[in-house]
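These are the structures in question, set out in turn.
Both complexes shown next keep subunit A, but they swap its partner, so subunit B is in the first and subunit C is in the second.
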Partner chain A sequence: MVPTYIREKEDDMPKAPTASAVTLSRRTVIALTANAATLALTPLGALAQGGGAWSRVDEALAIVGDADPIAEGVVLDLPAVSEDGSTVPLGVSVDRPMQQGEFVKAIHIIAPGNPYPLIATFNFTELSGRPEVETRVRLNESQTVIALVELSSGAMLVGERDVRVTVSGCLARADTYDTANLFTTRVRVPESLAAGESGEVLTMINHPQESGLRESMDGGLVPKRLIERMDVTLDGEPVFSADLHRSVSSNPYIKFFMTPQSGGTLDFTWTEDTGETAHESAELAV
Partner chain B sequence: MPPDQLVLWAGLVIGLAFGICGQISGFCLMSGLRGWWVTGDGRKVRAFALALAVAIVGSQMLEAAGLVAFSSSIYVQPSFSLVLTVLGGALFGFGMVMSNGCGARALVLLGNGNLRSFLVLVCLGIAAYIMLSGLLAPVRLALGQWLSVTPPGGGSTIGLLATAGLDPVLGRWLLVGILAAGLAAFCLLDPRFRTDPIAVGSGIVIGLLVPAGWYATGVLGADDFDPAPLVSLTFVAPIGDTLQYAMLSTGTRLSFGVVVVIGIFVGSLLTALMTRRARLEGFTRARSMLRYMGGGALMGTGGAMALGCSIGQGLTGLSTLAVASFLAVVGILGGAALALRGPLRLAPPEP
Partner chain C sequence: MVTRRTLIKSLGAVSVAAPMFSMPSIARGQSAGRVVVVGGGFGGATAAKYLKRQNPALDVTLVEASGRFYTCPFSNLYLGGLRDFESIGHSYDELTDVYGVNLVTDWAEGVDGDAHTVTLASGEVLDYDKLLLSPGVDMRWGAIEGYDESAAQLAPHAWKAGEQTQILKAQLESMDDGGLFILSSPENPFRCPPGPYERVSMIANYFTNNKPNSKILVLDSKDAFSKQGLFEAGWRELYGDMIEWVSLSNDGRVVRVDAENLEVETEFGEVHKADVLNIVPPQKAGAIADAAGVTNEGGWVPIVPETFESQQVPDIYVVGDATVAAPMPKSGFCANSQGKVAAAAIVASLAGQEPPAPSWVNTCYSVLAPDYGISVAGVYHVADGQIAEVADSGGVSPADADSDFRRREAEYAVGWYDAIARDTWGTGA
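Then we have the complex of A and B:
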């Protein structure tokens, strides 16, 4: 069900150009909508949406589809300047009152300046509680990072943040990685939680997360090798999952929250693009 | 307390201790070398040598106990450029004579009201960032390709001896024993140094602060999911980081190096106020201003190239027994020698 206040906002926007422009490209639609909005003297906030960086990125447009993202409540936490683009700490949280029964379904992170802009998609459930996630990403250059938030109602939120990336102080990197510790996993779950209380879960797996784009010493490319997915379940019930792509830093690290009503066994599964998997489980007392 | 905050508090304490000790004793490699080579007072250079001996023994004990692994520090590099390491060290060494003291000494002097050091610090910090990530970063990266060497054994002198067939445990203690005994003999056989409690004390305290820094970042900061980078005392990038943090703190995180820099200034300032040494001092001649600014810029540029200063490579780097640190220190001493007694000899500074 669409929450009322979002519907009000949509009602402010003239529907006519969108409805009649089914065959037009998305970009034109946005331009038309923005122009029409100016004529209708809608609040400035609505105008700003049309000019967001996301509207010029194909990967973002593919996710947005027919929705009309609202630039509100998405907090992207990134350093303003990063000296090491290979591991930039990134946090996203959604700070916006939710309607009854409405929750954040997914958060997509997009870095338009990277060769493969889609960094990761984090999928939440009603068990995840707080819509907040933290990870480390690779950023190729200075750019505007975009977070698209899908709500269970079908509405969409967007957040953007500028990051400056400078050359790294330490460029020496080995071509080979420690194969002995590959697939070693680590998780940290709360010792105990009250029913309905939210607690943070930290996860990490030792993995090179080879993008397939890195040059080796002999000039060739190091073959692609990625952890593509992480799934978390509580007694078989899905809690959280993540689709990871080439721009997630090596040793993928993810922090998320969960608000369980009852205790059980948390199962973590990481899946590599070769199909190989790694498992870890932890008991959670509620 | 979460590990990241623990590291910062430890850094502040280490900085305060350095500031207090530096203000009381005047600990400085540059003054030490000038005294030893020019004016005939070898006490300060021996204080530095004693600090190095203590730093090596303490740091190697930490690594032997399995608490830290120096292969993850920036000093133990599997391959490095001779140009950056040696030339960078030499530029730093020359610069520290031009501006009459290295970066750490300038921080201590700023605490007693020496405004000349303020100018040196600003020039040093900006020059370091120009070389690390700014206008000259492409030059640094290009130079990094020249005369690149890959010493066998992964960049550590212990590893180097191990490839020659020496057992790593035996190799470590043999190296530590020879270096520490040699340095201790150099210091303690001199009666003037032995009978100067402040000089002896400063050597021991500063020397202990190096392993304390390793312990703070490597043990206190050892979070499974977000380990702190393994660093200890160093003053080129951190002085630049401090300037940057002052300007961009809403978008950057506080780091160990920055709190050490702040701690040194505060520790030195409090000591100077309590001992009534604080006095504002500036320049009297425009030419000396140019000389100090040039010295600061050379220290920043050279320190960024060599990955460290007289403390960063001279104490902290050497305490890891990294091959690159020995070469950087040769560069620093060479640059200082050129400026103190070589053909490029500089006149004593007249502020």
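Then we have the complex of A and C:
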């Protein structure tokens, strides 16, 4: 007798025995998306239609305000095809000659096809030097991802990039989060830098970054629980900070650069939406 | 979810495609078209054979550098002590003797897409009407600091079967009991998504039988992997705590290799020292794809889903691991399936006909122990201009199957290998 060969979807492959019931149904996804009321406005390839995808996204328009974004100098690095929408590596850098005293103040990342489009805002200072950041994000579906760059002069730049997601990772992944290492923090800073030299800083915190959109075992939603902010200071002076939202991947990972004139103690603080914080510090020799 | 019967029905739809396109042969001496196939692995050998099966009048030349092809599938079973090396080697005798394919044992070094020529290492130039590339993958040397071709002699990748596989096997055999085997697994996409995890399972099998105090550490650039739940459950059941997996989020990503000292350093600065070190590095399409101008900025080949013709250069078709075919994985079975679709499209195009509607199939078996197998399967079609998995066509083995079920899947794995080797090279296992 050949037994009936019942197979399970790979995406739902449980770490816990009953987790195949955890997948969020398509209907629920649509309902959640409809609440955000932005999806239909931004089809893939919107750029080709002129005007830029950003001009049809409420979250982008709110950031742009009265500015007139220039599509120039923003390099948005994303894989053209992603096979795992739950962890898509994303890098942004700005390659444009700056006016005297002008620097990149903030980079905003927006994924219009996600239920909550604003992914993160990265805030730079003159100490952070090089305007470049890398992180890992959740993409719910194929879409045009937008980076809005705010300059200290008030000018604004925009970069956009189409990404195809073949397996949606935001919502469908049913794996439970292993909380054994919750709030474990890791940083890596340059061993030493010359004054004015730019060095890479890596940070990561173990955290589920629960979007509040994932269905739990009992059919309800796993409550939202987010690292919503990371702050980095050098002897108390702000160097870099990040505002993180629901579409930053679990275990938030951020790579940025700093260009210090003198050494000191780097302090890293992660803040959860409950108010709970985690800290890490490292000595930087310049 | 599907029953086995539905799955077989879907598979059947693929295999009947071949006879539909066979056509009467044209008088001898008058070629119906010249097709050059580069690469004699699962994709290229299958394509060469099915081109001749569908239209024996075609002039088909296969360019392959090695006289005998060793497969990545089942090379882990060789490492695990379940098979001998020659059992994963295949000759081209059927292609030449039965199907009349011209075999050229050489490297293809250049392609001129405008002139429709392929230049070989020997300097010989082949003309083609249609070119099919099945170049597999190349390693991205230097993507991990310190990992280049010479480092791979000390810390093998063994991700192309052959000498590399034998180096790794010899190192495992000379390692003392109680040693540490480290495998570094890359980010997606890469050849054979379950491969690294089958490999450590097979090495755990070898250790259990020969060096039971040894340990295995997987340092991963990912937070999740294919058939993860099944692998982890199997590891616990079969090997206790011998295998430890360190995810990306627990600092598993290797960024530097010191092959002389068998040391690796992870992203956040932890250094691990191995007794045997296996680095599976990031990959890209095989070099001839670059030379032909068919790769994208990511190093892979975008193709037209219906035919697997390059999106960038007409009359060049590309199949297998080199292509962007997601959600189809980079597997031998997919390459075989794609080789048939591309062959049918080439035959149709040369006859001035529309290509048939394609369907692809894939099964990846992983053998965790001699009597313990698991699998993932899928059927694919074109939907909205993209390759997509047919809804509920496949999936993975059940999580709660009994030992008898796992034993049968290990047997099916051997049956699968035997069948695909016969289909591709006409050689049994």
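Descriptive notes on the structure:
As a working rule, the second predicted complex is superposed on the first by the 227 of 286 C-alpha atoms of A that agree within 3 Å, B and C clash if a C-alpha of one lies under 4 Å from a C-alpha of the other, contacts with A are read in each partner's own complex, and residues count from 1 in each chain.
Definition applied: contacts are C-beta pairs under 8 Å (C-beta built on N, C-alpha and C of every residue); 3 or more make two chains touch, one makes a residue touch a chain.
Everything numeric in this text was worked out from a predicted model, so none of it was measured.
In the superposition on chain A, no contact is made by A:L221 with either subunit B or subunit C. Contacts of A:P79 after superposition on the shared chain: both subunit B and subunit C are touched.
In the overlay built on the shared chain, the residue A:A194 is in contact with neither subunit B nor subunit C. When both complexes are overlaid on chain A, the residue A:N181 reaches subunit C alone and has no touch with subunit B.
In the superposition on chain A, A:A62 contacts neither subunit B nor subunit C. In the superposed pair of complexes, A:S250 makes contact with subunit C only, with no contact to subunit B.
In the superposition on chain A, A:T87 makes contact with subunit C only, not with subunit B. Judged by the touch definition given at the top, the superposed model places A:A285 against neither subunit B nor subunit C. Within the superposed three-chain arrangement, the count of touched residues of subunit A is higher for C, of the candidates subunit B and subunit C. Applying the stated touch rule to the two superposed structures, the overlap between the subunit B and subunit C interfaces on subunit A comprises residues 79-81, 83, 166-167, 186, 188, 202, 204, 253.
Within the complex formed with subunit C, the residues of subunit A that make contact are 2-10, 13-15, 17, 79-81, 83-84, 86-87, 89, 164, 166-167, 173, 175, 181, 186-188, 202, 204, 206, 250-251, 253. Residues of subunit C that touch subunit A in their complex: 1-4, 7, 187-189, 222-224, 226-230, 232, 248-251, 267-269, 296-298, 324, 326-327, 376-377, 386, 394-400, 405. Within the complex formed with subunit B, the residues of subunit A that make contact are 79-81, 83, 166-167, 169-172, 174, 186, 188, 202, 204, 253, 255. Within the complex formed with subunit A, the subunit B residues making contact are 74, 77-80, 132-134, 137, 141, 144, 224-226, 237, 244, 248, 250-253, 307.
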